[in-house]
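Presented below are the structures under discussion, each in the form of structure tokens.
There are two complexes below, and they share subunit A, which is joined by subunit B in the first and by subunit C in the second.
After this line comes the complex of A and B, so read on.
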């Protein structure tokens, strides 16, 4: 008995013969695709596949080393003393940075980590932790 | 103006940097009537810093970055809309000059690198 296989579902020839004039449709999600089979007769089987938008969100905190590096760059950029406390929760404005300083910090981070930060992303950074998280995200995107 | 007039410096240094500013001495009379927003100014600032990175020569690269930062800080106090527009237009013209000159300098790049670019001291 011959078997036709479409995305893990098998339809036997006998079953198709019984359902000659009946429309059969079934849906299966394989990966991120929506697949459907329509049978109007034994010789008329159509297969359609279209993309299905499935969104996965993975969020994780940046590594402590990355945060430490960012803190060092921020201190250097804003000419802060070594004993001044800069941590993940520190905001750039609280550290005395203006909008030009923020741009310079982002540019410094780009050079240090060898990345390119998009303009809209750069404008949304306000804390050291946010900067570190964004860097991790960009680095993860770059690595295959 | 985004870039201030060059100070009277040693003639050899002047020849090194003059190409940036003699060409960039075009007037900013073609300033747009609308006052640029803060986001546009920051975008120009970012673009100039990015363009400065493209210079293969350490001295010119650092000079352009420093000059950009100093000039934007100097003009941060401007309040007159016409002055802001003029400075912004001049900055845009300077950006075009920097981009163009970065290409020219990369065509005649020297294999020698500045000691300032070394990651570790060789002695």
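After this line comes the complex of A and C, so read on.
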């Protein structure tokens, strides 16, 4: 079975809080400093007038080892050579992935990290960095 | 079309990707050997349809989605051990003569 090798609960907790705060700030929810985000409660059904291409630049990016792991899985999934240039900024499209490939990449990441990525989240990933960020966010949420 | 940065998927495209994910998930619950077979067949099937089917042929795509979902439901059944019992090797309506 997949074992979660991530340690440092206090660090991950701080990371989680920072991430949540930034997300809340982006959603313009004033006043609330912390709230538990339930994956089942879809209350934010309001449509944002801002184009989806505008993304929040997080100051606390995923750990380098997570990005490295994602790069490895992406290379393996797309049958790229080991010396291919894949980094956090690489987009799956630029690496030659179509939408079916992207689904496979996300599935591979799920197995590697022992997580479950929600469909909407999976379809919004376009770069290695975004995948790594989402993975760490999910890991922190799913761990008890 | 959508920008190269963010893929704007139509509703139908999302359904196709959702179905693809479903098959890959179902394959995980099977034995390692069967899983490889399933993943290979599913991948070929989706990619072949991606090339052959006109993306504006909505009726046919909807038909494929409905049939795919039925096959997925069968595959999810624990009693289904492999694809042979699913009869995924259907006779394709001769689009290639």
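Keep in mind that, in the parts below, the second predicted complex is superposed on the first by the 84 of 144 C-alpha atoms of A that agree within 3 Å, B and C clash if a C-alpha of one lies under 4 Å from a C-alpha of the other, contacts with A are read in each partner's own complex, and residues count from 1 in each chain.
Everything that follows uses one rule, which is that a residue touches a chain if its C-beta (ideal position, glycine included) is under 8 Å from a C-beta of that chain, and two chains touch if they have at least 3 such contacts.
In this text, all values refer to a predicted model and were calculated from it rather than measured experimentally.
If you put the two complexes together on subunit A, you find that subunit B and subunit C bump into each other. Look at A:84: by the touch rule set out above, it reaches neither subunit B nor subunit C. In the superposition on chain A, A:126 makes contact with subunit C only, while subunit B stays out of contact range. Legend: residue contacts after superposition of the two complexes on their common chain; A:142 is shown touching neither subunit B nor subunit C. Once the two complexes are laid over each other on the shared chain, residue contacts for A:107 go to subunit B and to subunit C alike.
With both complexes placed on chain A, subunit A has more residues touched by C than by the other of subunit B and subunit C.
When both complexes are overlaid on chain A, the residue A:93 reaches subunit C alone and has no touch with subunit B. Subunit A residues 98-100, 103-104, 106-107, 111, 119, 122-123 lie at the interface with subunit B in one structure and with subunit C in the other.
On the subunit C side of its complex with subunit A, the touching residues are 3-7, 9, 13-14, 17-18, 20-21, 24-25, 28, 43, 46-47, 50. Against subunit A, in their complex, subunit B makes its touches with residues 38-39, 42-43, 45-46, 49-50, 53, 69, 72-73, 76.
By the touch criterion given at the top, residues 98-100, 103-104, 106-107, 111, 119, 122-123 of subunit A touch subunit B in their complex.
Residue ranges on subunit A touching subunit C, taken from their complex, read 52-53, 91, 93, 98-100, 102-104, 106-107, 111, 119, 122-124, 126.
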